[in-house]
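In the two complexes below, chain A is the common chain; its partner is chain B in one and chain C in the other.
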Partner chain A sequence: MNTIANIALRNLSRQKKRTILLGSAIAFGVMIVTLINGFAGAFSANVAENFSDLMAGHIFISGTEKGPDDKDVSVIRDDRALTSAVAASGAPIRYVTRRSAFSGTLIFEGKKLRTNVDGADLEKETFLRDRLLLKAGSWDAMAEGNALILSEKIARKLNVDVGDNLLVQLQTATGQNNVGEFRLAGISFDTGIFGQMMSYANLAYVNELLGLAPGEYQTMGIMLDGLKHTESAAAGIYDKLSGSVQLFERGAKGSDGAETPFQALIRQQKKESWEGVRYRLFTINEVLSQIKQIVAALDTTAAVILVVLFVIIMVGIANTFSMVMFERIGEIGTMRALGVQRGGVRSMFLFEALFLALGGAVAGIALALVAMGVISLFDFGMDSPAFLIMRNGHLSFFLPPLRAVGNVAIIAVLTLIAVASPAGKAARLTPAEALRTQK
Partner chain B sequence: MKRIFAIVAIALAAIGQAAVAQDAPAILAELDRLGDFSGVDFSAVYTIVSQKPGEKDTVTQVRMFRRDARKQFAMLIVLPEVNKGQGYLREDDNVWFYDPTSRKFSFSSIKENIQNSEAKNSDLTQRSILDDYDVSSVVEGVIGKIPVWILDLTAKTKDVSYERVVMHVRKDRTMLLKQEDYSVSGRLMRTSLYPKYAEISGRLMPSQMLFIDELNPGERSQLTMTEQSLSALPDKVFTKAFLEQVNK
Partner chain C sequence: MGIVELQNVRKVYPLGKVQVEAVKGVSFCIEKGDFISIAGPSGSGKTTILNMVGLVDQPTEGEVFLDGKPTSGLKDAELTRLRHETLGFIFQSFNLIPVLNVWENIEFPLLLGKTRVGKDEKKEWIDHLIEEVGLSEWRKHKPNELSGGQRQRVAIARALVTRPQIVLADEPTANLDSATGEQILELMKKINRELETTFIFSTHDARIVDIADHIIRLRDGLVTENRRRDEPAAEACAAGAAGVGVRGARAGA
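Showing the complex of A and B:
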């Protein structure tokens, strides 16, 4: 068998130009598919991490109180049980945030714009000062109760400057119309497309506008040491909470399977009735579970591209090997006359194809890795529209090793199938017939 | 003697105020009755012309069907052409919005604005002021030359859009002429004027309404009611299937 494999290798090296062309075609296909796989591999993690930064947490706990007439009010009135459960869970916590938020319309001198305003306890959320760099104004001005920080883009659209007073129109937690007045304390550098939509104010004033009491809030955010801890930490916290407070079931799914676990949780909340505050625990993965569908779609696209590209390449390989068989017909006759069996001739062709596929695939993966490295060097900036799918403004890739091995295996199998017919024809030739045939 | 006159005058004024305060619920009850079409079906076409500074006026037309006895309404958007076929459906406290493009219903609210105008769904439906508001004070005033009662109302429930409402009601005939809506924080948000009324089977319906956005100067919407009718409507009008069917 070694001899046959050596002959196959020698045959490949005899026709360098043809081998390089066929190998390049395979390598190109593999490179494209590997790039898509690598992009899909990092896509989900990048989106989740970026969203975690924006939402200030990997795990979230929010409270819903059934008011009179079955109306839901989003509020956490007393969080002692939550704090104890989070501490007792032993989760690797970086920090905990307590926030209220609303979506309202900012109005300034005839201009208006809808945005989300997050109310944060800025004395405790010191990390926000490090993450949100101010272009104008200062964090010290946030000491004023109704101070507000807007992103550069929102401030420009409203034509508002530090020190200006803006009106905000919103609905309270119970759905009544309310109007507040903010004083612009700072303008932050834009931090991507979603960062541009976020504005920050003092928790106490946001609570006042929402009709919540001081000390109350709407969502507890738990930032962990990394995204990888999310599900295990969430399970631990949920377990500790289940004994002390009313909880919504986690991971419920709609009957048609079309909704995300987070949407199912909201639907469950609308359908059920309870007394007091009931809590729901959800993770960044649940909020973004549709991202998984995008990743699956990308992987399917990669697989379809792989098949289409290789069907085209396989036709070329099958055709080339048919010609090779006719070129070597005299050689095959001589080998058969010297005692090489039919299986040996077939194996020689199959080995050639296998070496060609493996060489091309390995080269393709190597090229893809180089391309990934080069592409990831480009800095698209934090305000790029594609900010959410990038890591710190750079495109990043992650190629699961098993997927790469799988791609190589698929290519090897497809190549062997393509060469099976010419290899079979070569094997079926009788020595006399092969030696008699004139090229 | 002067002192006695002063005491008598104050006493008479106090008695007058007490009488007015007693009358205030009756005024609100009459306002509720005038807009209540329980027992019959009501339909009309509302044309809404909205003005915003620096923008062209927009015209929205909706066809409204009401069945107050069962707290139902169906509202179909007729204009602008781009939104034609959209609609709202209310049954009890649930309001759905239908979008013919996606062919889906989504939860909506009676507090929502109609399209991009200053008018809300609740402006065109039956309301119960007496159930929703307490009277804080009543004083006399005039609008133009028309004497009015000025009723200052505070919300009893959280279900209403505005925490405080000030109503200017004509004295000689119970008609709401002007209404001011205030936010929870006490800021005037919207002023509504009702210059024209149409009498329909003993009830009074404003046939012209002007809504002025007090937070965004220059933004206002004028509503005109036409084709009002009390003819019986088929039950299917107040179903989701109806909104879907009219788009086929």
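Showing the complex of A and C:
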């Protein structure tokens, strides 16, 4: 058998041009598909990491209390139980953030704009300074109690400058109307759609506006060492919490459930009633469950391209090997006369096609990896509109090894199918016919 | 009892609507160790007969016996195995495998089939054959780097490598100049004497049949002359494989 394989391999180098042409076609197809796979592989991780940065955590714990009129009040009053549960879970934690937030209307010289304002403890959340690049103003100005940082886009819409005072209308945690005043301390670069919506103020002042006491807040964000720890850490923390505080059930983990975690929360809150603060734990993955669908769509697209491209290439391979069969008809006759069985002739053609496919596929993957390396060298900047799908302003790729192996296998199988018919014809030739037909 | 025996062999090729009767009832007997020439003009049926003796083609009627055993009704795989084990082939256009070098071409038949030869024994034997056909300097060369005569020498070595009982050569000298052709025939004859391998070669060149021990002449698919050297006519095979009485081909027409 390895004699036959050996001859098949050498046969490939007989018509170098033809081999290179077919091999390149296969390599090109594999490269495109691999690039899409690699992009899709990194896409969900990048989006999730970027959202984690913007939302300041991989795992979140929020508190809900039943207020007057049975209205839900979002508040964490005393987080000692949370802090000890988080510590006890042993999760690989980088830092913990404590934030309150509201959605309100900013007013400046008659212009109005609705936006989200996150109240953060900027003394402690130093990472935010690295994350958020200021176009104007300075972080030092945030020392002022009612300081505010707006994104470039919002600042432009309101036509405000650093140092201006803005009014804000909002509802307190218990649903009362309230008004406050901010002083614009800085304007940040826009970082994608999500970044545009983020405005930052001091936690103490946001609490004041929301009617919360100093030291209270609404959401604890837990930033881990990496996205990959999220689900196991979340399970660990939830487990520790369940002994000491009231908890909402965790929503279905995946995106497959008909109900999103938010819907589940709303349903539970509507139905039930409780005393004190009840906590809910959710993860960045649950927030971004739709991202998974985008990745699935990308992968499906890649698969469709793979199949379409290879049906075309298969036709080329089938034709080429029909030609090859006639070119080598004398050799087939000779080998049959010398004692090569029908199966040997068939294997020779199949091996030749298989080597071609494997060579092309491996070259294609190698090319794709090189292309990925080159593409990821480009710096698109942190203010790129595509910021969310990138890693620190660079496009990045992750090629799941199983997918690469799978692609190679698909190509190998398709090629073998394409060559099955000419190989079968070659095998069925009687030796006398083959010897007579030779030039 | 002959090593090859044909009994009333007919071969009809369908050619569109007509039937071409290439061989019209041929019987003859070949003795082990002989050097046999099948001679005849173009289209007389030499290739057709050699193909049937070589089991690359089957008769339409009649029977081919190899070493006393009938070969009709055998499956393709069995015929292939028999070819590999008992027959060697030399072709008019050499038919070497282009991607293999001289040594590998000669080795090739040994890599087929079930029986494995020891590595040293194999190497010694192939080297011996290469020396025998005078190609010691050329063992690493590819066929397209060799002359016609050299290629046919490789083919001879390849035909002998499995130590077959019979070597079939269909016009082995037709693509060679006459001097080279003569050398090739001399080489075949020498091996025939040394190894006692039965050689059956076809030719349409009436002059080169003298070298043969046994001449079978064909015309239009029929035997016109069948005689051993120095004998008026070849006698019939002693007894058929199936115990049937066998007629030898009649001499002369």
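Observations
Following the convention adopted for this analysis, the second predicted complex is superposed on the first by the 410 of 439 C-alpha atoms of A that agree within 3 Å, B and C clash if a C-alpha of one lies under 4 Å from a C-alpha of the other, contacts with A are read in each partner's own complex, and residues count from 1 in each chain.
In the analysis below, a residue touches a chain if its C-beta (ideal position, glycine included) is under 8 Å from a C-beta of that chain, and two chains touch if they have at least 3 such contacts.
Fair warning: this is a prediction, and the values are worked out from it, not measured in the lab.
Using the contact criterion defined above for the overlaid structures, shared-chain residue A:169 touches chain B, although it does not reach chain C. In the superposed three-chain model, the partner touching more residues of chain A is C, compared with the other of chain B and chain C. In the superposed model, A:211 makes contact with chain B only, not with chain C. Contacts of A:407 after superposition: neither chain B nor chain C is touched. By the touch criterion defined above, A:180 reaches chain B but does not reach chain C. Touch criterion met: A:71 reaches chain B, while chain C stays clear of it. In the superposition on chain A, A:110 makes contact with chain B only, while chain C stays out of contact range.
Shared interface residues of chain A, touching chain B in one complex and chain C in the other, do not exist. Taken in their complex, chain A has these residues touching chain B: 67-69, 71, 107, 110, 112, 167, 169, 171-172, 174-180, 209, 211.
Within the complex formed with chain C, the residues of chain A that make contact are 3, 7, 10-11, 13-14, 330-331, 333-342, 344, 430-432, 435-436, 438. Those residues of chain C lying in contact with chain A across their complex are 47, 51, 54, 56-57, 76-77, 80-81, 83-85, 89, 91, 93, 95, 97-100, 108-109, 111-113, 158, 162. Every residue of chain B that touches chain A in the complex is listed here, in rising order: 53, 93, 109, 111, 155, 157-163, 181, 183-185, 187, 189, 215-218.
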